[in-house]
Amino acid sequence: MKILILNGPNLNLLGQRETAIYGHQSFDAYFEQLKKKFPSVDLHYYQNNSEGKLIDKLHECGFSYDGIILNGGAYTHTSIAIMDAIAGITTPVVEVHISNVHARESFRSTSFSAKKCVGAIAGFGMFGYEMALSYFLQKTK
Amino acid sequence: MKILILNGPNLNLLGQRETAIYGHQSFDAYFEQLKKKFPSVDLHYYQNNSEGKLIDKLHECGFSYDGIILNGGAYTHTSIAIMDAIAGITTPVVEVHISNVHARESFRSTSFSAKKCVGAIAGFGMFGYEMALSYFLQKTK
Amino acid sequence: MKILILNGPNLNLLGQRETAIYGHQSFDAYFEQLKKKFPSVDLHYYQNNSEGKLIDKLHECGFSYDGIILNGGAYTHTSIAIMDAIAGITTPVVEVHISNVHARESFRSTSFSAKKCVGAIAGFGMFGYEMALSYFLQKTK
Amino acid sequence: MKILILNGPNLNLLGQRETAIYGHQSFDAYFEQLKKKFPSVDLHYYQNNSEGKLIDKLHECGFSYDGIILNGGAYTHTSIAIMDAIAGITTPVVEVHISNVHARESFRSTSFSAKKCVGAIAGFGMFGYEMALSYFLQKTK
Amino acid sequence: MKILILNGPNLNLLGQRETAIYGHQSFDAYFEQLKKKFPSVDLHYYQNNSEGKLIDKLHECGFSYDGIILNGGAYTHTSIAIMDAIAGITTPVVEVHISNVHARESFRSTSFSAKKCVGAIAGFGMFGYEMALSYFLQKTK
Amino acid sequence: MKILILNGPNLNLLGQRETAIYGHQSFDAYFEQLKKKFPSVDLHYYQNNSEGKLIDKLHECGFSYDGIILNGGAYTHTSIAIMDAIAGITTPVVEVHISNVHARESFRSTSFSAKKCVGAIAGFGMFGYEMALSYFLQKTK
Amino acid sequence: MKILILNGPNLNLLGQRETAIYGHQSFDAYFEQLKKKFPSVDLHYYQNNSEGKLIDKLHECGFSYDGIILNGGAYTHTSIAIMDAIAGITTPVVEVHISNVHARESFRSTSFSAKKCVGAIAGFGMFGYEMALSYFLQKTK
Amino acid sequence: MKILILNGPNLNLLGQRETAIYGHQSFDAYFEQLKKKFPSVDLHYYQNNSEGKLIDKLHECGFSYDGIILNGGAYTHTSIAIMDAIAGITTPVVEVHISNVHARESFRSTSFSAKKCVGAIAGFGMFGYEMALSYFLQKTK
Amino acid sequence: MKILILNGPNLNLLGQRETAIYGHQSFDAYFEQLKKKFPSVDLHYYQNNSEGKLIDKLHECGFSYDGIILNGGAYTHTSIAIMDAIAGITTPVVEVHISNVHARESFRSTSFSAKKCVGAIAGFGMFGYEMALSYFLQKTK
Amino acid sequence: MKILILNGPNLNLLGQRETAIYGHQSFDAYFEQLKKKFPSVDLHYYQNNSEGKLIDKLHECGFSYDGIILNGGAYTHTSIAIMDAIAGITTPVVEVHISNVHARESFRSTSFSAKKCVGAIAGFGMFGYEMALSYFLQKTK
Amino acid sequence: MKILILNGPNLNLLGQRETAIYGHQSFDAYFEQLKKKFPSVDLHYYQNNSEGKLIDKLHECGFSYDGIILNGGAYTHTSIAIMDAIAGITTPVVEVHISNVHARESFRSTSFSAKKCVGAIAGFGMFGYEMALSYFLQKTK
Amino acid sequence: MKILILNGPNLNLLGQRETAIYGHQSFDAYFEQLKKKFPSVDLHYYQNNSEGKLIDKLHECGFSYDGIILNGGAYTHTSIAIMDAIAGITTPVVEVHISNVHARESFRSTSFSAKKCVGAIAGFGMFGYEMALSYFLQKTK
């Protein structure tokens, strides 16, 4: 099973940025834990701050991977282009947000990308990625 | 660990209603599976079509249970009263939707209740309840 | 032919409440007339002020009756849950309003429930129920 | 009893246009049936695609007829001028739509004309005209 | 001096329609008075309920007359086409409303046509036409 | 003088819920104080979390009591049905809110129910009920 | 006949300010002409840049004058207080604007004050005041 | 105890203006009654039609008085400046409206000033001032 | 190949009206050129200022022609009736605008008719008609 | 070089009001510092809480001064009249806000006055006035 | 003649992505055909998923090429930056969309970029690029 | 003192693009002047047309520099991602716009980025960068 975790803008600052909202752990540290916990999964990780690069990555992996876990960051709320990219590929995508976007500014309650995803998970911190992963795993059972 | 699954309006029709969206399994059948899968959890289940009865149940369990998994159905999008109930109790609440509400009519993209929940999960079918359960379980580790 | 007339909030006050808009006849008196006029129809009548109880009744009758005539009162304009209940049953539902909702406050021009009904009738006083009934009768001819 | 059926834009295409929504019967054929079914009523029929011609007809008949059954087609949603014409005449007007306008595009849920009508009927196919007719008939009893 | 008074939908009912708002005098009677009062002006009058016919008349007179007094009735609030016709001709146009449109329904406070007129007059009853006429007269002094 | 205090959703949690906004006193304790302070008034108290039950109570008391003091909680902002119930009864109703709803989330600044009440009081804590009571008392002087 | 011309903010700059829109004549010069043209009218003139002072003047003259001609300037579009003042007095008020407000920024198309005036005149330059005056004169004939 | 009653635009016309809404008593007459009824309170009264003067008065009294009762009239709905003035002083302010603003035009349902007040009272006629006064009195007990 | 060019309101003024936007050539002159350039196409041309007449023409040609090139003028932005006419016929329709509607007033960026057309072309002057024609020609190759 | 600093409502409370947002220094103290720092500039200062008085001052100085630095306070967001005054004078105006209005309530993100100013500065505390002054100084170099 | 075809996000997936909407041909294959069909034109092609890279390319070619054909994909609806880039260059730009954006989700009916283009073409599949090309060719004749 | 000037999309065209709005000087030329004028400041400059690259640069410099001067160009109005980047770093950011964005299209009056900046400066041409610089300099005094 081959899964891509795709993180969008500012998520490279995790553990460093707005720690009251996002916690103190860096994503790299978390990713190592994740790989250990799910040794049977072929886990990949990519982060970029550019909308275009995220689209490139969705295209690159979106026809061969078994699943993509997308945290589009702020592009979630504004990018029709990422939504179109998800619609254009065949790999199913699951949307994850670390914070509970519903409880924040009103412009964070819109999600273009979730319209074309399998579903969305928000508010469970890093554990949200694990929930998404568990979804892909149970599907194949 | 004591957890309540609280289902709102029309979820008693699961397996029977709009099966293209919600699937063919009744919730009672699913609940039996769930209890078997998580034998260590003291799982309770309550469904009601009345907004007021859901609030009553939140009050009743909201100070002693370890977690509540709420699928508020259509009240999710209109009920400030349920949102206030969640804010008024001490048990953490997780919102679950079986279908991907972001991909449906625009009035389903508003969630009053999620504003006061830990987080929200939508689009993973029945498995969403299991994801919510796994969140409460990992918290206590 | 088995038909349910389902009346929502405040319709128990008919003949008593805002008579300039709703007229002076109680629904019970009207219902007796209706039964006499349509002796061949197995007519039932239920009124409740609770959104949840109306949903319960839709579920209870919505798989065996030949038709439901719904006057959802003010819930017409706010209840996605009743709309979902109509979508979830198999019995066809016809929406009736005694007053002409289009000619009143702007918030009465939205109807969630009518989206999932066969159609809607508004402004013909008590006679609207008879029009709905005549629709079900001609269908079977 | 003298009644005018007044049909607006595109209703001349009935039986031909968007048959999934409007059915396969032409209005002329239906009108013949209607006259046979209600031999005691002096029934008239006029169709025009022009907003102005519909207003002309409302003026022409609106002070001497006993009732007008108006299917304003798409002008229902945009024409303040037709609404003003209804307000300016003394004959009562009933609005009819063949399809359930509440279940279609959002711009079809506004009705200017219905604000000045006795009431409105939508979604019952051709039978809606008969419902409107039955309203005028029972009024005179 | 050659002036056209151009009246839109429902203004043929003046003196007959909604007399609480529009008064009891027919426009024909008023027009005779007006011609007597302004013998030096070559006054013309045209009324039509059709948007297209009003545009035709604007084109016909809009390059040779000295002024047009337009009461577009309800088309005032919805017709971009009439607005474009006014922009396309060279004769200056003055907008007149008999009633005070600002004090009525909110959809009557929009005027497309007035955007391309010299100015607008509303609320002075029939006298508004005389005010418009006096404007054209003083301009030539 | 017979007065009903009618409390809506979540007000049973008073003294327990969001004490920073609503204070530490339970309503039962407060009600005992109130009865002592106004011995001449026949004071009744009812709380329910269900919209339908609040409407039932308004109907039950709304033709015989001298006044109703309504704290509709969150239903204030969403319930047209409660608004209709107030319009349908003859007992005058006064709206009370413990917190200053104008200073909170924007969706709390709409009040359907207040449209049909004598007036509304918000922001004075428990003392608001006493203010409402004093209104009914001075009216009879 | 006693008439007040009441000018609001920035109208003291007439002849000096934005002459492309408002022309080159000062209001004082125009007022002298006006008095000469209408010797039989007892004409008064007051200008102030303060919303409160305009309200004071409306109160002062609004029970004894035969008419008030109000050019509320920019307060037209924002002042509910001036609207209330007009509603509170007995003298009829006519609204005048020098420029065609309908052809300018969209926020100039709202007029609170006109809702309580006899009517409104816009776009005829200084001549608009004369049109308003002629209205008051013909009324007394 | 030192209390200021601060009345905004048009409230000087009380007893004279729109008596169907505001009643027949002048505020001066009412104020004399109020002083007699509350002899222990050092009551002051100020009215002005100017937004700026109301702000001046709030500043003047807002650091030494025990309470301010503000009826901002129409400025309630439009003045951010008065809202800022209330936020800038230390004396608590209570908002009073004589009429039930919730039952009138929709633009009267917004209150900027109430956001920074202790609370708001609307619809109880002159008695509303007394309710506000009773609030300040019970606070000191 | 049989093609209709259908021009809506004010397009009869081409070459004469707002030449800065629409150019100096009349449509008749252009049409002669077009016929010469495409001798193999059976080209027809109809212009009318009435919405109803445009609908009539769409019905008349819409079941036998190979293509319709529609420049609905201002009706593009307001006419649901024309949109319904296009949906009701079988001939494919292409929308053309001479000016770039996207660069003009915001109300010109809505197109009801384009929703049911094959596509839309705007901003290329008269050449837009030729582009539309070339589309129909290449389809048959 | 002659410059006016014009402060609007509540800015007389600086150093005293909402010090978390506006700081502890009074404007008078700051103005003395400023004059010392810019001895070559003829600096004037005027504050008023009345919209009308601010307009008066803009007119008074707006044809002879070299620059005006305007902090319109809350009138910034609501006053079309001040915007018109700036458009009507010849002296260039620079808008200054002490706090970062973009980071506060959404109604503070609209600025009518800035539309007619040279530019706007917000969020730099008292130093914003100095920035505005430096702009006028560098212009003359 | 030197022309750039500039394709935005997801257009690299043409022939592969959402073929029901976009067809089965890849853009590379189409581009080869196009070059053969227009041998006299110096045709260039560039695709990128990044908004910034599209802007870079517009700058690079926008002062020397004879025309740019831009299919901005989803950026069309959200990118003010691309709109500014088009405004900042001297080469004329024509907007092309393969699908009929007017017939899809409402957020696709806004086009920022088209505001600064010569015009826009939508709904004609790949042939739209050829239409754009024909526009540039006929201009030079 | 180490300061970064960060320019967004299209600002590389300065001196070349829309010179009526932005002036004739290139930013490189201006930057040389600036460095000479502020020899004590360690000034850096970076421009990119990509949203992602601007975020990268904010991250790179945002924990070590003393200040960032950001002209986000059109991304100012649409980028939540840049807003989040500013919130995620520790270096204070000042927003600068060359033109007066308040006086342009309405979509330019929204600024996401300014919500997380110290403040914003708009309309003073290139001198705005100097104003921002002077803010950072005076802070350290």
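As written, the chains take the letters A, B, C, D, E, F, G, H, I, J, K and L, and residue 1 is the first residue of each chain.
Note that in this section a contact is a pair of C-beta atoms (placed from the backbone, for glycine too) under 8 Å apart; a residue touches a chain by one contact, two chains touch by 3 or more.
Just so it is clear, the structure is predicted and the values come from calculations on it, not from any experiment.
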Chains in simultaneous contact with chain G and chain J: H
Magnitude of the superposing rotation for chain C and chain L (Cα, nearest 5°): 180
Reference interface C-F: repeating pair among G-J, A-B or C-D with over half of contacts shared: G-J
Mean-CA-position distance for chain E and chain B (Å): 62
For chain B paired with chain L, centre-to-centre distance based on mean C-alpha positions, whole Å: 47
Distance from the mean Cα position of chain L to that of chain K, given in whole angstrom: 31
Junction residues of chain C - those touching two or more other chains: 50-53, 78
Chains touching one another, given as label pairs in label order: A-B, A-K, A-L, B-C, B-F, C-D, C-F, D-E, D-I, E-G, E-I, F-H, G-H, G-J, H-J, I-K, J-L, K-L
Contact set on chain J toward chain G in their complex: 50-53, 55-56, 59, 78-81, 83-85, 87-89
In the complex, chain E residues that touch chain D: 8-10, 12-13, 16-18, 48-53, 73-75, 77-78, 107-108
Sites on chain D touched by chain C in the complex: 100, 102-103, 109-111, 114-124, 127-128, 130-131, 134-135, 138
